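What follows is a pair of complexes built around chain A, which joins chain B in one and chain C in the other.
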Partner chain A sequence: MPDSARNRHILVAAIGLLILFGLPVVVDLVTLLEISIYVVYAILGLSLGFIWGYGGILCFGQAAFFGLGAYTYAVTAINVGESTGPFLLAILLPLVFAALLGAMMFYGRISDVYMGVITLVVTLILFKFINSTANETWIVGKARLGGFNGIPAFPTLNVPGDPGALLDPEQFFYVAMVFLLLVYFGLHWLMTTRFGRVVVAIRENEVRAELLGYDIRLYKTAVFAIGGGIGGLAGALFANWGNFVSPGLFSLAQSATIIIWVIVGGLGTMIGPVVGAVLIQYITTLLGQQGVINNAFVLGGILVLFVLLLPKGLMPTLGQLLTRLRRAPRRPARRSAEQAEGGRDGH
Partner chain B sequence: MDFVAVIILEVLYAIASLALISAGLAVVFGMMRVINLAHGEFLMLGGYAAIVSVRAGLNIYVAMLVVAPLVVGIIGLIIERCVIQFLYGRMLDTMLATWGLSLLLTGVVTMIFGNTTTGISTPIGGFAIGSYQASGYNIFIMLAGIAVIAVIFTVLKTTRLGLIARGAMQSADMASGLGHNPKRIYMVTFTLGAALSGLAGGILAPLTGLTPTSGGLYVSKAFITVISGGAAVVTGTVSSSALFGTLTQLTMLLSTPVWGDVAMLFAAIVLLRLLPRGITGRFFRRQV
Partner chain C sequence: MATKGAVVLETRSLTMRFGGVVAVDNVDFELREGELRCLIGPNGAGKSTFFKCLTGQLLPTAGDVLIQDRSMLGEPPCRIAAAGIGVKTQTPSLFNGLTAREHIALAVERHHGRDTAAARIDEVIDRFNLGDLGRRLVGELAHGQRQRVEIAMVVAADPWLVLLDEPAAGMTHEEVDRMVALIHEINRNATMIIVEHDMQFIRMIGDQVTVFHQGAILIEDHVEVVLSDARVREVYLGA
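Let's turn to the complex of A and B:
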């Protein structure tokens, strides 16, 4: 691992741990609850950041996995009465769903644009289906699906093995934050393995990777499945956060929001989607407090502007800017050394 | 017998309205390979343009058939100049930018008109087929659908403008070498596509109440119809409208509207899996 990457990991880990242990001490419970949802969204952002930024697969329906995770958790938690099994299932089901959907697309060799369409359409199907289940005949075990009303109450997270010991909001923050750190560093680790390197190779040049003998269909399906599973994890956490799930989780607006997080934060980085999710959600919260400027208007404008002017996103651009600033004064003296370094280190 | 007649009318209406909804998108996608995700919002804006001008005392047909396409055409022109022209050839970026535009337009309309439902009543009453009641306005929509498709076909196939446009799409360099400016052709095509969407939005406005988020209802249907149809503008739109219109309407009659939509979406996925380049990628390849 190059030095710069290791330093960055240490920095992120330090900030992460500082937030994990420091924040609950500093801020009050209401703020902590609000920050918890940013953490959940950051995980959701990472799920698409991985699929899109590393796998090169633009999924227009990441909300499908998010919603699926949330609904799976809610429905099974009502039936089972405790949270551990439902929580695992809420990761597993979207993962399997994504694997099947991915296999269908990648083994069919469907091109980028059509893949966008199919993922969009699948999300719409789920949205329409869930929206239409308000009727009392739609029951899974003990749980009513509730249609557009959503599912209002279900058992939230408890200590594994002890259904009576429910987590309070502060403990939920710890859980969410630990999951975020696990996902962040887990994905980073994954990218250093052989699997991760092949995935990036496929993103860079699909034909070349295939001619070298890698089964790109299998790799892409695997990436898609992992991203789906992480999306499901975010969904399960979201369901626990508000103790409420509704068809809006599957909506196109939700998918668009996730894409905006990733593109604003920065494609092809892990920290980008996290920063993007937190930043955009913060803006959304601020906008929600006033009644003049519409939220969709601002988010849409941001998306257009970023595609046109800053397609790389904030974090990579910021990184470039910083390196340029740091190097600029010493440039003449270190020119040759830098070039050698630049050739070796692709970051 | 009457029942069969009613069903046939319903199916024809479904096909015509799908063709109307998709026509603008088909022109833009088929000719320029631009997937405009703000297409639904163009329809929605057309609807609002029609409603506002009817409220202002304009004749409803003038409002639907003249004002709506004009207003949306101008909006389309502005959008092409400000956003789309920088993104030609970058299909995914175009999709993202137009998705942003769709949110932006929804936001603008929400700020102006508020998040409420507005609407106007249909100008044509119903008529009876035996013991069944049929809507006269549906007949109007069928005629409008046929007219729109016929106009697109005639323009593309028989006029000089259509010839130049088709040429520029096939080979921009060659068209440019022959003295036609491809950038201008793209601009005109996009504007005309937007105007078509506005027209469709105006014509469909009296059918349902309109909200700022109505675009979302149209965009998926239009999108699926056009993508499944493939690159040929007229043949593709007509064939996939016929396929999906029939399927949706029949499923709807057998169950509920929701399952009708689900059947359409599901059929689209299967179709794209089997024919990744759309219907006209496989059949009718040399058509317009």
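Let's turn to the complex of A and C:
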């Protein structure tokens, strides 16, 4: 691993640990709860950031995995009465669903445009389906799906093996932050393995990777499944955060928001989607407190501005800027060294 | 044509149509073990389309492709490559965001375990004199260097059959000389097909040649015989 990458990881880890242990000490519970949802969204942003930025697969329906994770958790938690099994299932089910959907698309050699259409349509179908389950016949075990009303209450996270020991909001923050750090560094580690190298190779040049003997369909399916699983994890955490799930989790607006996070933060980086999600959601929260400007108008404006002015996104642009600034002081130093040398020659 | 080993690659009535255009027309072709075969022909003769049908990049409209007596029709390029076939495409086809060393690693790791891969990567880097380029992103390299990285990557996977599409394109005279020597070296351990239209390069390689014209095989013979053939001069050299 190059020194610059190692330093970057150390910096991110230090900031992450500082937030993990420092924030609960300095902010009140309401703010901590607000920050917890940003953390959940950051995990969701990472799920698309990985699929799109590293796998080169633009998924217009990342909300499908998010919603599936949330609903899977809610429904199974109501039936089981504790959180550990439902939480794991909320990761596993979207992962398997993404693997099946991915296999269908990649082994079917569907082009990028149609892949976008299919992922979009899948989200729409799930959105419409969940919306239409208001009738009391839509019951899974003890859980009523509730249609457009959503599922309002279910057992939230407890200490594994002890259903009575429910986590309080502060403990939930720790859990969400630990998952964010695990996903962030886990994905980074994955990209340093042979699997990660092949994934980048496929993103860079599919034909070449295939001519080397790598089955790009298998690798893309795996990337899609991992991204789906992470989306499901974010969904399960979201369900626990608000103790409420609704069809809006599957909505196109939700999918579009995730894409905006990734574009704003920076495609092809791990930190970009995290920063993009936190920044955009913070702005959304601020805008929600006023009634002068419409939220969607401002978010749309931000997206247009980023696409036009910072097409690489915030973090890659900041990275370039820092590199330029770091190099800038060397020039005069080199010039003065040359002058000194010239001076010596002259004498 | 001099007979070498057994037939290792064969096409039977291979045809590739694009709408009303017949790019490859009913081609029967045989390649024997240890051969170094050049496919030549003017632009649009169908040689690159034929090449893509062999590598699985195109699914032929009709006919069959047999590798070691096994039909590979409809197999994806990864399966054909996994059968021990190394392919270099017409323009350098690389991963611009990866270093030269990572390219070699990708090729080696496909066939070697972790314990032997590192030594093999170093061996290939040395053999192709990529030591100074190893840490650089290939997107930053010059055309000739990119060609070298691609061929090193192809050879790194230890293929028994190597297909090179225009390996000398865009190279300087010295680079072409080195490429000719390299091709002969590779041919010591692998059967080869080289698609090329540079006649000087074909003369330097100097072995069996198949001439394509209008999607079909016009003539197959030794390079000197082919180049002195009146039909070849007419269709290819315009003489």
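Here, the second predicted complex is superposed on the first by the 330 of 347 C-alpha atoms of A that agree within 3 Å, B and C clash if a C-alpha of one lies under 4 Å from a C-alpha of the other, contacts with A are read in each partner's own complex, and residues count from 1 in each chain.
One rule holds for everything that comes next: contacts are C-beta pairs under 8 Å (C-beta built on N, C-alpha and C of every residue); 3 or more make two chains touch, one makes a residue touch a chain.
Just so we're clear, the structure is a prediction, and the values are computed from it rather than from any experiment.
In the superposed pair of complexes, A:198 makes contact with chain C only, with no contact to chain B. Looking at the shared chain after the overlay, A:4 reaches neither chain B nor chain C. By the touch criterion defined above, A:304 reaches chain B but does not reach chain C.
Counting the residues of chain A that each partner touches, chain B and chain C differ, and the larger count belongs to B. Look at A:212: by the touch rule set out above, it reaches chain C but stays clear of chain B. Once the two complexes are laid over each other on the shared chain, residue contacts for A:149 go to neither chain B nor chain C.
When the two structures are aligned on the shared chain, A:323 is found in touch with neither chain B nor chain C. When the two structures are aligned on the shared chain, A:58 is found in touch with chain B, with no touch to chain C.
In the superposition on chain A, the residues of chain A contacted by chain B and by chain C do not overlap at all. Looking at the complex, you find that chain C touches chain A at residues 55, 57, 76-79, 81-82, 87, 89, 93-98, 102, 105-107, 109-111, 153, 157. By the touch criterion given at the top, residues 35, 83, 86-87, 91-93, 95-97, 99-108, 110-111, 216, 220, 223-224, 227, 256, 258, 261-262, 265-266, 268-269, 272-273, 276 of chain B touch chain A in their complex.
Of all residues in chain A, only 58, 60, 104-105, 108-114, 116-118, 120-122, 124-125, 128-129, 131-132, 252-253, 256, 259-260, 263, 292-304, 307-308, 311 touch chain B in the complex they form.
Chain contact summary for the complex, chain A toward chain C: residues 194, 197-198, 200-201, 203-205, 207-217.
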